[in-house]
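Chain lettering (A, B, C, D and E) follows the sequence in which the chains are written, and residue indices restart at 1 in each chain.
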């Protein structure tokens, strides 16, 4: 009857159309952001500061537009209380104020850090975009990844990102994957996989077999990943590695038989201790805990791995085998060498290679091993004779944080997020297919999270940000000391622990201005017999057995070259009259309470955070002490001692007091005991 | 209408020539136009109201759709990333489906051009404007032509493996043969079919093929233009 | 008589101003009704009287009317949408998001435009088939049929050009596929594609060209042809009655 | 015929029940004894960062009224939205214990984790454990604290870090010492960090950090101290628990 | 006859209902058309301009910020900011250090450092804008908030 009575149809349909059209504005009225704003007004109604909050509240859609960052944020339409600090104890989103951060919300917007779709005004679209090409919000767990879009320095407050970036280089990820930071600096690996060109000098085929099958069985801290090799493949690879190895003349030093009696072992153990090998190397103690540093490899099973001749040659001169090694060249004499090598050779583990029985390698095995080594990319990390280092071996991860989900193959039952994918890929790479080359790394959950954080920072947006936002990382210095002293410093590998002019490790004090700080006699003596200055330190400077001539040369070089331009080390010492000393003592003990951290009188003082000051008067120059008291951080950035704003006169008195601490008698006594 | 009256105005159209209205007026009479008052209605309000009602119905349908069914919006266009399958708008999917069977020149150019040309010339193609049933005259001769054309077409379609068009072709051909049988004691439907002219058959074949191709392209084509069942996700 | 809404309404209609605008009077006589059509700029394309049969739903299914209605809806919604649209890359896509998220009733208008566009393509196709099966293309309406075919192609083109404007994946790849079909035309295909896209790939130029085509050129041409189409309906004898012109001797139901 | 059969069958059924009843032992459904309490074994009061898993898993034990462990008790966990449990429910082992990992939610603050089991007559027994999620600022304070403060303020020594706490004549308060530190105002707390102990009439063994740390660093330290206070510092911090 | 009359009135009322609802829909469309046409968000630069640390501006200096369209003055009494838009017809004025005036290039209006008109067709002095210092110690100017003259900000 549609057209039977067109008037009736016209009237009825007109009403229906009107009702339908009335729904259109209703949809706006019931929009999510409007509902949340009403909820906010309900929430603040009962509060004491309701009037203030209501006055500050503005209805409607709130937009932050930052054209130069490409940010359009409407998050504030629902998160209306981002700047209301007084609502800090409101545990309900979206009404929580933003916790304090070093950036202004108006200048950065929300999506720069939290990602997600800032332009959306619905919960679902803004937080978890349904479109595969659009960024969902980054989970709080990986939030620090956003900091890495601008920060190439390593500020405190983002430990996860900093640790993650360190892991990327330390675990050698960047050997295979190329990763360029947003500021254009390509990450370089900081691990140092050994060259395998002379591997047969060092170890046996059986050890290689057992090692590549499971490196962590040999050493729990080994960074080499597990390639999950089949027995035949490990057999062939070990055969090839032995076959390609060439012999180094230096490794074939004649060996006097290592003494293995108990007394010699005991002497070797104390040699190991005296040489402070534990500063860098760890050995499992009886309880199975690792004792020692993690700079060098773990030595618990070194006797199983290293051939005795090689071990002696290596300790005798590490650079003879590996010119790039961090290990210092101890000047051990033959007897010492025998003792310490004997001690290490005894560090064996019969279980490690118990089941390894390898027949003579056939040429076919060697050929197959070479094929495997080539295919698996061993030469990306290790130098191997006859195999070129492959370029572009694994996918470039420079923009992995912006990889569209459409380009990702997810495993079934896996959350369809980039973070989940990257995490799974790091945790169990082979779960994506046994034919994949990426090996299994030995990482703790926290480390995986850190790596994911560092990788998610590699976004497309990061590279398009204005350059003024970028905070560059510390450029690595390639400082090289010159001359004979320079050669000696390289031989002793001072830079493994000490940092000078921006180059070197952070295990020991920065020596950039050491020449201004110390007195000649003390330094000379210190080289001959390094004693530690800090009572609680585990890592200590080893005794390198340098000759008098070497020690003298090094001392002169340091005093001459490593001088701060800020003051003259030889500026006259303040008069050391007793009253000044007494005043200094008063200041030391009461006004500044230095004994909280330092020891001047070993009988009385107990503080052991800072160096012991019992003989500081014969160690440091007066000028250095004075300047140090005036501002420790200006002399050695990052040092723990707080700047106490000590006045000149107080500093003078304290300097006088400290310079009076010669401490000869006491140390002599201590030595006699 | 059947009883003869002395003055009868007749309107006829001679379709072979340009159609004109001719009033035959008998000698010594004047033309008398009989107003068919019951046949005509005033445009206002009868016609206009009907149009308004139709527009209201249409508006209601479209507004309802718009209220409860959002227009699609995918991610930002990315030339680096082709969705699989990349589909044209639905009304071109028949064409895209044809491209799956024929080389581009045939499927993308020849066939559409022919279709448009055919549509344009239909009214000028002065065959059978009276719309007489295809089989009412020269049945034997027409059957032979029909057999030749349909066979050629089927062979052509089989050679190109165009199963999607083959099916309606066979179906329509069968219907034509069904209509072509002797018209004794024909049922209502067949009597109706018998009266269909050639153009009806061609258009119906075109409509069926186009609908089927569009439907297949829209619903049954997945990644790599492979066949998928829409209900199997 | 107490003042009623109707009273005021009638008063209004008899004012000089009203009469100067709407020239026909208020009466319900045939004359008045005829004048209502004749003197209205929109309605005068129609004749004053129509055949009763042509008004029956079965005669036309009102497909032409509905096609026109969708065209008008599309024009209205399209003009409103243009106010929030920048034909540039990638701002066009951001504008879609704005329509969805911050413009009052923006998403409704976009939906209405989109669905009306699909509806128009469908209705125009259906209109064509209906006209064909009713035989309404036959002389003297053959030229109007040709215009109709051109309008069909224009409708397809309007819809196709509008498809690119959101600049999303759907749009981009649909247009890419469509443009590649076109480039298959021998000799001039590549040139046509080049001219249409303003380049070799679907990019900012293509977006701008499609925008101008979609918003200016094609609607103008379509509007002109629609006017001719309607005028010709009347000149060719009004709407087809829907009577099947059966040859003599055939059974007539 | 049929009624007879039914009677016989019914009789047989009754008989079988009657005979069986004394023989049936109470089937060990659920725990052998009834849970009366849940106690925490380990894992409470941990400090973590927002959204991250706690370092140590939480271990709880279900005990009966006599204090003996209840094996096979079903335990469920819940907390504020956003907290993820792995697993979220389970059955206690033979030692009555159950271990689960927790990742805290995305907002900084104290999270209350509730372990629930069902006691006698369906009564719910709950154990509430507090865990702390640090936000950016508090986390920064924690790092500064680890670097500058804990050597004196934390009485416990570790292998890497020997505590200096006992070497001081003044008593350094642990940062978790809420009983003492909560009484200090924010301004006092920041003043003592900035200007040293003497600023508030306390020992000079607390040196001034105003020139060593930035203002935001001192604020971060104060925020950290407030966050880890036990008992909790009242004004300010939100406690997330299930509503 | 009765029936037919009923019919007619019923018909009429349906038409009235129909026209009435279409009219209401039309009015509603106009209202929401207005809502549609008023943007809910604006892509306009924030009226608050951060001009940097106060020590950027030496004492007794006039600094032009062309991007923000303002002058930042550091006078003996403190800081103040003037809009750089001429009050005549909105041209951007220029600071002439040699003449110690602000001059409009379009129609020759001249102002002194305090924004007071010296010469020309400008109807009003240049507006003083709200200036304040935020927590980070940056100087901020709100271009949308005029303040009374001689409203100095000391840092």
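Keep in mind that, in the parts below, a contact is a pair of C-beta atoms (placed from the backbone, for glycine too) under 8 Å apart; a residue touches a chain by one contact, two chains touch by 3 or more.
Because the structure is a prediction, the values reported are computed rather than measured.
> If I average the Cα coordinates per chain and compare with the overall Cα mean, which chain comes out closest?
Chain nearest the centroid of all protein C-alpha atoms: A.
> Determine which of the two chain pairs, B-C or A-C, is joined by the larger number of C-beta pairs in contact.
By the number of C-beta pairs in contact, the winner is B-C.
> Between chain A and chain B, what is the gap in Å from one C-alpha centre to the other?
Once rounded, the distance between the two centres reads 74 Å.
> Need the CA-centroid distance for the pair chain D / chain E, whole Å please.
The answer is 55 Å.
> How many Å are there between the centre of chain C and the centre of chain E, using C-alpha atoms for each centre?
Averaging C-alpha atoms per chain gives centres 43 Å apart.
> Can you list the chain A residues in contact with two or more other chains?
2-3, 7, 10, 13-14, 17, 21, 24-25, 27-28, 61, 63, 74, 133
> Considering chain B alone, which of its residues make contact with at least two other chains?
Within chain B, the residues that touch at least two other chains are 46, 49-50, 52, 59, 63, 67, 74-76, 78, 81, 83.
> Counting only residues that touch at least 2 other chains, which ones in chain C make the list?
55, 98, 102, 104-105, 107-108, 169
> Taking the complex as given, what residues does chain B use to touch chain A?
It comes out as residues 46, 49-50, 52-53, 56-57, 59-60, 63-64, 67, 74-76, 78, 81, 83.
> Can you tell me which positions in chain C touch chain A when the two form their complex?
Going through chain C, the ones touching chain A are 55-57, 94, 97-98, 101-102, 104-105, 107-108, 169.
> Which residues of chain E touch chain C in the complex?
So the residues of chain E in touch with chain C come to 32-33, 35-41.
> With touch defined as at the start, can you tell me which chain A residues reach chain C in the complex?
2-3, 24-25, 27-28, 61, 63, 72, 74, 119-122, 125, 133
> What residues on chain C touch chain E, complex-wise?
Per the touch definition, chain C meets chain E at residues 80, 83, 98, 102-106, 109.
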